[in-house]
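I'd like to ask some things about the structure below.
Chain IDs A, B, C and D follow the sequence of writing; residue 1 opens each chain.
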């Protein structure tokens, strides 16, 4: 079973040379730490920066240079700043190659819910609805079950949707799952996790074909 | 050169009234029109509809207007980090319309550019699209969204000149350029008002035609919301 | 009766302090020469410049600084360059205060035709359709009649339209005419031109109320 | 940094084929991709559909492709100043679609930004709107126009870097930024390719994400179409 860093590490393997990547807050942010150093990747943040670097050294923070999580950041050589309309042109126009974000629920048809729990304080969708409606390549990073132990990979989402039929892949603490036309297809098991454990933790239709390899992290 | 320079924030905000709709640039606390917000607090205009990506924090940004209960309705994409906002929203005192961030940016740009409406994929199949026209283009579904219609737009830039030309800095740019010219009156405040002719015409982000009033802000706190640093190794 | 410079001179009086103005090619271009020097006006050219100045001195031409007529120009302090989409945002978004352009025909309902003569080589509408469809304040500069002596102020346009119901004012070699809901309203006569001459040269419905003053140039 | 630099124009145009649709930046002869056009002449690809505000003059710009009868269809807003164009158009050899200039710019921008369609007032009530959907918003009529769909976009910028970042100069900017990222492959040629990191991130007009290939043009003539000067007094 993986911890958050483990999930991030596994997702980092999906990041290919030459990719522009948008990382959501939470586990997705950790992915940047595990991307291979021999490939070139640029990180986009929807508040208006391409070519994000690491956090600044203490004393070098600039209030005018932040990411979408409002954290102070730095930029790398080749970086650029732009306005919000152009930022979403990158996203909506499918110039960003990979979007990684968290979710509360994913359905077997690729629906995703990650912005609202009725009755609770709703903070908003931010850029998530634009990202999931536009990206060709969306990976969800999340725990397989919620705190109460209930599956987050469902037949249909119970929470208000963020987007429909858009998730292509889910990486959880238990498994790597591809969202296919026929449902969740199990691709890999987390180290030490059995197929039965994954089946039990998955409410949606899980397709298990042949031997399921353990993740190679 | 058409002169847009006004003496200061008081003159810049002439004409603001109760129940108006305002647009505010800024993302989190970065690039927000600090001086215009402070003046709105002083003027204590009420019943405002505010279009802004975020709603500030309790004691800064639009949070200052919330404290005085000046805001009737917020149109935003993300409104966390603000206890007073949460209290007013849950109690029903404050009306909140949450919309996708890219839709917010483009509804501003559409108003600037004279487009009444546009089709965007964001929100299709979600409650954001409820009651809205949807339509298929090339096998994909889109939602019809409309240009904003606001009375004032409050913009913060880095440098500007009396002609109203603006240059933004870093990610403090965000929604600011898209909101210029999107409201009936665009009020720009800048950190530095430079002599006309000093800005390279090639480097101007927003030409002065989109700005009605410009002034140099008296003071900028530029508060950092999430100070995140790494250790020197 | 006015010559082209006379028409330009009369139109220049319609240019008010603080106006952003787009000038079409032909007579409209001449208007810039007659604008009062004690008012501030900025000229926009739809290929991407605001704050146009006079033509450059010989030897100072820059291939990268032209107007929409492809002529080499200069810029004044406070000028800016921008892309075509932003240029038409200024026009479509009604940030440009006044548009002055030529026409082949104007109808009494404000329709304008100025881009196409069927059977002849058609060069295109350029930015004219965007300008006339967007501007709140459009003045047409043209001769009252064509070379064959036929009126260019018509009941309905015979040529393919550039825009519908958009012209507010027409300044010709004979008259200043306002386009009203009831038709062409005669506002001023060119020096030495009688109301009868104008009536004769106007095919559309001409409204003549009270004394018609001579233009004050 | 993702490297977009290619050796030169030959590598930059890999993949161009007969019957493709191309977009070209430039207004008149200003800001046209001179090197890409020269290479297209050399490759002699035929049956092209070309989106470009203008069609060059007889012996420069897209006029060079017309001379070789490489163009099947032009989509432009203004096509004067070209005798061969006129001849081919009047003889029916060349198909011409004339569209309003602002519509041309926005159809490019829509493709760049992922908008399938938009409503614009330009052309309403004229033959440009024939067969197109029209619609009223706020008492005014608009025409539905669609995003372009092109195979290659040929862009000319002033400075650029290997990351694909671009800065334009003067009115040579025109349609170039709006066409970046609007075609499947955007090929940018620049007068000067500078080391990565040299361009101020704040001054970049087009971020490299919209560009697939970049090279420094071997030579620029930058011909002036209407040399207009005033006398020194």
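Note that in this section contacts are C-beta pairs under 8 Å (C-beta built on N, C-alpha and C of every residue); 3 or more make two chains touch, one makes a residue touch a chain.
Please read all numbers here as calculations on a predicted model, not as lab measurements.
Colleague: Go through the assembly and pull out the chains touching subunit A as well as subunit D.
Modeller: Looking at subunit D and subunit A together, the chains touching each of them are B.
Colleague: Report which interface contains more C-beta contacts, comparing B-C against A-B.
Modeller: Counting C-beta pairs in contact for B-C and A-B gives the edge to A-B.
Colleague: What chain is the most remote from subunit A, judged by the mean position of CA atoms in each chain?
Modeller: Ranked by distance of C-alpha centres from subunit A, the top chain is C.
Colleague: Nearest whole angstrom, what separates the Cα centre of subunit A from the Cα centre of subunit C?
Modeller: A distance of 55 Å separates the two centres.
Colleague: Between subunit B and subunit C, tell me the centre distance in angstrom, where each centre is the average of that chain's C-alpha atoms.
Modeller: 36
Colleague: How many angstrom lie between the CA centroids of subunit B and subunit D, rounded to a whole number?
Modeller: 33
Colleague: Report the inter-chain centroid distance for subunit A and subunit B in whole angstrom, where each centroid is the mean of the CA atoms.
Modeller: The mean C-alpha positions of subunit A and subunit B differ by 28 Å.
Colleague: Could you pull out the residues of subunit B that touch at least 2 other chains?
Modeller: Residues 106, 109, 114-115, 120-121, 168-170, 201-202 of subunit B each touch two or more of the other chains.
Colleague: Would you pick out the residues of subunit A that each touch at least 2 other chains?
Modeller: Within subunit A, the residues that touch at least two other chains are 49, 81-82, 85, 88, 91-92, 134.
Colleague: Sort out which chains touch which and give me every pair.
Modeller: Listed by label, chains in contact pair as A-B, A-D, B-C, B-D, C-D.
Colleague: Could you list, by residue number, the parts of subunit B that touch subunit A in their complex?
Modeller: The touching residues are 27-31, 53, 76-80, 86, 89-90, 96, 98, 100-106, 108-109, 120-128, 158, 168-178, 205, 222-232.
Colleague: Could you pull out which subunit A residues touch subunit D in their complex?
Modeller: Within the complex, subunit A contacts subunit D at residues 18-20, 40-42, 44, 49-51, 75-82, 85-86, 88-96, 134.
Colleague: Across the complex, what residues on subunit D touch subunit A?
Modeller: Per the stated touch rule, the residues are 1-3, 109, 111-115, 161-163, 165, 181, 196-197, 201-202, 204, 207-210.
Colleague: Write out the stretch or stretches of subunit D touching subunit B in their complex.
Modeller: For this pair, the touching residues of subunit D are 106, 114-121, 137-138, 140, 142, 146, 167-170, 201-203.
Colleague: Report the residues of subunit C in contact with subunit D in the complex, numbered from low to high.
Modeller: 45-49, 54-58, 60-73, 81-85, 87-88, 91-92, 111, 121-130, 133-134, 160-165
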